[in-house]
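The following pair of complexes shares a single chain, chain A, combined with chain B in the former and chain C in the latter.
Moving on, here comes the complex of A and B:
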């Protein structure tokens, strides 16, 4: 699966979480920051985690991916960071379980 | 009789709950003092209260700068700012001053706010018993559940702060081993939360507040529901979009409700007849007349609202507010909306739902009952006396 396809999936999930009325007015791309641009709240990260797990089954470990991020990485995290991680998992070039 | 010292940060929300507790102790014959920043403490404490001012490195001007910088921050960026640029420098600047105050006032017990860890450090250095004052319950549960390294970073900040003052065995200064006074109840925190025996859930401590004269009580129409909209004292300017959304949400509801918006009047463009805007309101006097409160989920506003069994619509902005908002929705006492994204339609649905569906009011009343049973300031004073 290409990054473009993963981006389309992640974008669709984010639109569902944020509500179409608001999210469709945004241009969500690889550079979009979850916190500064989307103001994604902690509770919405939980939702994102659940929805990604449902969408990709066990092929990704988003919970582990997030748990491994330090404070500064989370503040700066972009949609592209997540898309790149998912694409690597799906290619099999990235261990599904993130090493601590 | 004994001596108690309250160590507080320069934040009103963290000072107000201590006032009634201090008064209880005074009524029981103890000697009480508050130590903190005079610019914030002065206007809040009742006349005659014993205030020991500490060097104002966090002057009114510096505090105003901190507030304005924090306005645009959300989530983990706000969290990093709070700890790295506010709480730790504040604690560092307070240690020498609080040490001098303790050596001079000679308290038997310190009551230390979670955001004034300097007090905890000094109490430990002097071998004095100390209680944690948890004026918001958000620190008791993990704020960023999916991001464990965020909470770990804050704990490390507290450890590094103690090492700078040569503390050999640093601890998490937000939680005393002697007594943690929590101004909330398990009914609101959530029954799944478990805490050690020295955590005392005393419920909100709401004391007398200075009156706000001139409120037009006759404006309230007994045939319509009354809704208060408040973003607390710090977020009013940041609330322009939110207030506009509120006005659009309630525009078609003029025959059903009246809204009182707490905001500087210049933030509200046009004012329909069923809306009142006031920069200050007598919130405690208003609450018995209210049917719902729309707010930012600040701990004090939420607890005052639930103390009257009134349901909420919560739009958390930053800091502890998302955690408190979650507590409200999990308890069934309100509906949460997104502060920056909520549309007029969503807000209208949320508001009409909490007004029409009695389950929200009954949940709010359950919390109210738990607050009454918890004992408030008197219970807090009982626990503090046991430390003697």
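Moving on, here comes the complex of A and C:
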């Protein structure tokens, strides 16, 4: 799956979470920041991560992805950061690992 | 969206599964957030994912009236929060002891739950925990006045109209909770948890407060009531320890859970 396809998925989920009227008034792209540009509420970000986990099943590991980040890094994330992470998981270059 | 009906209320719940083995023998860790504008995301952004990543099963939920949970008109006493938590654990099939992590008001819920259901608690981690002492009702009333004055001032000046989506939505949520439910009346009616009852708590307790917190007196009272409580006062921090000292707190919590897990499996 290409980054463009993942971006389309993430965009569709954001529209579902934030409402079409608001989300469609914004041009959501790779550079769009969740906090500064979208004004996504933190609880909505939790919803986003749940919906992404459901959408991609166990092929992505959001717990592992976020565990390494501090609060500011999470707040400053862009749509592109999430899309890139997912795309790498899906093409196998960022394997979801479970320690032995 | 993951939801569970507990105690007749639809609660938004997230379960984060272990990815590593460090704490796989740990009992589940349940996070309880603070009041008003708080919800489970304050943990999701800070402690929950690292604890899950370390291997413990994590349960996050939005208290009734908060976050994405249902906002019924009534049921905001501490006893309701305790009943909600007990029903939630039942609904999730968790009958064994859990570690409870409570921030601010979540600390009251954790302490009260431990007093009511000691067999269901492995340990308590209290972050800037309030607990219901004499004067609690006055504090709640003062807090309401402070919020209402700020919101009314912002509305009069037209400043409220300039705010972005996020703040507007948060204020609308707070307005719903404060003016359209029994939230404040219920909190004001809460009776203090007697010191005699606190003294009977035998589970291990880890408490963290900020040096400049407005509730630092609670740290001293807690220490006096619970001699076995391990207390840390973080220098330079106020009430927002969870946000302002996340890294230090994460190390404290992970270290505590590791120690408790090691002790439990011996």
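Quick note on the criterion: the second predicted complex is superposed on the first by the 96 of 100 C-alpha atoms of A that agree within 3 Å, B and C clash if a C-alpha of one lies under 4 Å from a C-alpha of the other, contacts with A are read in each partner's own complex, and residues count from 1 in each chain.
FYI, contacts are C-beta pairs under 8 Å (C-beta built on N, C-alpha and C of every residue); 3 or more make two chains touch, one makes a residue touch a chain.
These numbers were taken from a predicted model, which means no experiment stands behind them.
Peer 1: For the combined arrangement obtained by superposing on chain A, do chain B and chain C clash, or do they fit?
Peer 2: clash
Peer 1: Regarding the shared-chain residue A:22, is it in contact with chain B (first), chain C (second), both, or neither?
Peer 2: Both chain B and chain C are touched by A:22.
Peer 1: Answer with first, second, both or neither: which of chain B and chain C does A:12 touch in the superposed model?
Peer 2: The answer is neither, since A:12 touches no partner chain.
Peer 1: Could you tell me if A:74 is touching chain B, chain C, both of them or neither one (first, second, both, neither)?
Peer 2: both
Peer 1: With both complexes overlaid on chain A, does A:47 touch chain B (first), chain C (second), both or neither?
Peer 2: Second partner only.
Peer 1: Just to be sure I read the superposition right, which of the two partners does A:64 touch: chain B = first, chain C = second, or both, or neither?
Peer 2: Touch status of A:64: second partner only.
Peer 1: Once the two complexes are overlaid on A, one stretch of chain C runs into chain B. Is it 9-17, 81-89 or 117-125?
Peer 2: Of the candidate stretches of chain C, chain B runs into 81-89.
Peer 1: Give me the intersection of chain A's contacts with chain B and its contacts with chain C, in residue numbers.
Peer 2: In chain A, positions 22, 39-43, 45-46, 49, 63, 66-67, 70-71, 74-75 sit in both the chain B and chain C interfaces.
Peer 1: Under the stated contact criterion, what part of chain A meets chain B in this complex?
Peer 2: So the residues of chain A in touch with chain B come to 18-19, 21-22, 35-36, 39-43, 45-46, 49, 63, 66-72, 74-75.
Peer 1: Quick one: in the complex, what on chain C touches chain A?
Peer 2: It comes out as residues 1-2, 14, 16-17, 19-21, 39-42, 44-46, 49-50, 52-53, 62, 67-68, 164-166, 169-170, 243, 246-247.
Peer 1: Touching residues of chain B toward chain A in the complex: what are they?
Peer 2: Residues 74-77, 79-80, 143-150, 153, 316, 322, 326, 338, 340-341, 343, 345-346.
Peer 1: Which of the residues in chain A come into contact with chain C in the complex?
Peer 2: 22, 39-43, 45-47, 49-51, 61-64, 66-67, 70-71, 74-75, 97-100
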